[in-house]
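Both complexes below contain chain A, partnered by chain B and then by chain C.
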Partner chain A sequence: MNTKIISLIGITSTALLLTACGPSVKRIDATGNEGLVTVDEVDFKDWQIAAEKGINSLLASGVLNRSDGRKSILMISTVKNSTMQHINTRILTDKIRQALLRSGKVLTTTAVGGNGPDDMASKQVRRLEEDDMFNQSTVQKRGTAIAPDMSFSGEIVQQTSSQGRMRESYFFFHMALTDLATGLAVWEDNVEIAKQGKKPLMGW
Partner chain B sequence: MGNFSYWETSVEKTLYKKLTGILLLVCINSLMAGCSSIIDANKQKKPYMDVYYSGNVTRAAKDLTEKSEDRSDTGDALMWNLEAGTANYSASEYQTSLRKFEEAETLLKDFDQRAVINARAAGSEVGSALTNPNALPYQGMYLDRVMLNAYKALNYFSLNELVGAQVELRRMRAAQKQVVRKFADEIHTSQKEIDAKNRKNQQQSRSLGNQNTTIPFGAIVKIPEVNKAYTTSANKANKLYGSLANPFVSYFSAIGYLMENNYSEALVDFRNLYKMNPDNRLIQRDYVTAAKRIGSRVPTQLAGVAPYQYPLNKKIVFVVLFNGRAPALKQEKFQIVLPYVGYTGIAFPRYEYFPTLLPGLDVEYRYNNQQQSVRTEVVSDFDAIMSQEYHDKLPSMITRLVVSTLTKELESYAIVHAARQSGNSGAEIGAYALTGIYKFMFNTADTRGWETLPKEVQIAHVPLPKDGVLKISPIGASGGGKELAIEKDTNIAIVYIRALSANKLIYKLVELQ
Partner chain C sequence: MARLLLLACQATANTVENEQKSMQVAAVDTSKVSTDAFLKNRLEIVRVDKKELPDGLLKVQVTARNVRTGFWTQLASWFMGDNPYQIAYRFTWLDIDGMEVETAASTWIPKTVIPGDTVRLNAVSPNPRCKDFTLSIRENDAARG
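Up next is the complex of A and B:
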């Protein structure tokens, strides 16, 4: 009898486990802490941490304040990927650009960028001067676009190590703001993110 | 056998169960025919390799891609993905090549991140114990791990995606560091397994006559076939490379650093290369050039070596020749006298080496208004690297094979012994036949490996000529050769040449601004 009960429990548990094996998908709060944490990759939370710390440090530094009442024009240069991952550093630069724009201290340009203009339109519309389809008085004139005063750049470096079952990744986000008139770095900061993972002793 | 009343006693019932088990195993594995447990990988790949090395890379890429997709859920998936990745790179199918290498890399990552004791490995081990090492998933040789990322980098360069290529170069460097540690772990695990199997065999032996069942490698290596494999690999291996390092990886890494104008890191690579290849003129001059550029000390032995008169990080062309065919594992058998069973044939993998196709390449160009010429030099000998790994692994690999064979033989011996004791001649004949078929079917060597790799890598570099024209021809070739025109705004160019046969050369030109 006991054997039968044990067998029944075993079969039921297996069935339940198999039922739970189907794909489980859900939406999570992108601002919360529910996201996956990996050792080797830059996860979305890592981008958020790096961007937030960078923005706060930059705004607190006061380098964006001008005495002439004009807002600085900022261009996004390049953020070099020196990691072992194929990542899109735009996630970082877009977050920083948008936060700075929201702060009201700077204006950002999309007409020029480290990897070429973010928006080709500023250049394209000026070519309409040669197109008689357009009312020429409405075509943007040459010499009206505003050149940037400052440039934001950076680099992300990754270092990995492992010992026994432990693996570790250290991501070093370096960010800098350059005054384009002088070529001097007027602000620099780093954000460090270190992650560890342990290989399980037993598993599938 | 279908008449159950035929098997009356408990001894007969046990025997019946064992024979049914063997029959089931034979049937299941027969259904899976074509996998490397029965037909060794080298034989399976032969038609594909014949097509690839005949120079029909388009067809080889297509066939290998299809094959790799067919075998995607098997223990051979990694091997087929690596072959398909290389063939697609040669056929200039860069996106497919990258996809295949990504799949291979995902498999390797999965192997590395599995729990120390995991159900999948345990299952494979059981399969391997019942059949042969081919039942274990192929996890790649150490060279595979670094060359995978090297090929991915080459793909990204060909697609002109410099950032992606640099990511792969970083992964390649990390893989190079990792292989040393993994190698030590593997040898240690293998020894533990041999010890456990020896204990099991001795336990089984107690009920059969208590003969000593431990066979040390010292005894096995005296067998002529094993001895030949052991000494040949020792002669081919280059001890100077050490720690399974691949000099091509170091050179490629240096090129990557030079692209980033990072002379100091490139110098570290040149320094390591010099340790591995102290007599190589190209490496000596590269080392001296990089050291002088950043004011670093030049070793006294290289005091008389002149640096290159042009920078290594701009307006330069690197010519990289992937020459010939890497050694391939081939099945061979040796005879050994095992306790209780006497002479037994055991299949094992042994490297087959291929001839050097080209002695090198002559690169002609115009510089400072003068016609100049330079010759490629061997930077990396893949025969040596692969032989080193094989040689280091051979003692544990061969001892493990012998011990596993003995385990299987003792099981068979016990079944036949039980059949004989039952006094039923039909059962005895059946036991002989089934255990014989079983042993014959699964006596297959693990010949899995990456066969589309080159035999060696040769490298030369020249300053980018003003007219952008390079003429490349095999040393000693009368006439012919290939003329390449490099865009004048190129900063660094890589000319990749794959020699698949003496007269079938594939050229690829990467021009980086």
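Up next is the complex of A and C:
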């Protein structure tokens, strides 16, 4: 009897120990405040804050309104990464593009972009005019795509500093909207994000 | 231990809404400011303003003031890690039917409020269909020292 009890306790203890050693993983609210905060990297929360502030500023500026009543056509140019990290600035540009499209103030083009077209299809389908497999009356004609009026661009700059065990990163998100007819920047704004962290006495 | 208990009480969201509703739903006819005891004693909502921009977008501004001033109060705030006070806020937009309008970017924005300071929380509606809004404010535990 005693042997059985001891075995049971042993099995239970082992099971508990293994459970405790297992990975602790959970889903978090992507719009909440529970995400990891790092000093040197642009965390997902930083992208969200930069995008939201940029969108608010751009919508409030009124530069998207046209006197002729037509909607502006917006292309996404490049957002230069001048940080020390390998980051994909698409998180920022996609959020801004979607927000501006949903605002009803602009139409966005995927046929042209700073890093090449987002969607190659606009160009590809026009090559079908050389393909006798397709009914030529259904093939998209040349000269029908609409060229952009405005371009969104930007740059993300990082500056780091440290003092003792304290480390600090300053991220500077610069955003601009250019009127492609004149080449003039009709809107510019910056979002600044600063983060601090203290290194532990031992380790990293 | 007491600090742990108090901190545990501060993780709730708090809201403030515009009083004059444009949406045609059965909404309360009063300005709704609901805060938990901790946030209420630290952040006072001074006023809520809204302005319709020429292109039909709505700009709102909520003015709030950190009322934790005075020696003993600030000493208590320092002990609690509330000085400066760290909050996060988020705007939610509603159309004329009271339905939430999904936005491409709606996130909790962190804000530091120094005791006695007045801050203005601004937002512009994502499109002209938005007629009303809700502002949620919470303590930003992630930014506490």
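Before moving on, here are some points about what is shown:
Simple rule for what comes next: the second predicted complex is superposed on the first by the 179 of 204 C-alpha atoms of A that agree within 3 Å, B and C clash if a C-alpha of one lies under 4 Å from a C-alpha of the other, contacts with A are read in each partner's own complex, and residues count from 1 in each chain.
The rule we apply is simple: a residue touches a chain if its C-beta (ideal position, glycine included) is under 8 Å from a C-beta of that chain, and two chains touch if they have at least 3 such contacts.
It should be emphasised that the depicted structure is a prediction, and the values quoted were computed from it without experimental measurement.
A simple residue count on chain A separates chain B from chain C, and the partner touching more is C.
Shared-chain residue A:Lys71: touches no atom of chain B or chain C.
By the document's definition of touching, of the two partners only chain B reaches A:Met202; chain C does not. When the shared chain is aligned, chain C comes close enough to touch A:Lys105, but chain B does not.
Of the two partner chains, chain B is the only one touched by A:Met84; chain C is not. In the superposition on chain A, A:Asn33 makes contact with chain C only, while chain B stays out of contact range. In the superposition on chain A, A:Leu59 makes contact with chain C only, while chain B stays out of contact range.
Of the residues of chain A, not a single one touches chain B in one of the two structures and chain C in the other. Chain B meets chain A in the complex at residues 113-120, 163-164, 166-167, 170-171, 174, 178, 181. Against chain B, in their complex, chain A makes its touches with residues 81-86, 158, 160, 162, 165, 199-204. Residues of chain C that touch chain A in their complex: 53-55, 57, 59, 88, 90, 103-110, 122-128, 138, 140-142. Taken in their complex, chain A has these residues touching chain C: 31-34, 37, 45, 48-49, 51-53, 55-56, 59-60, 62, 64-65, 95-96, 98-99, 102-105.
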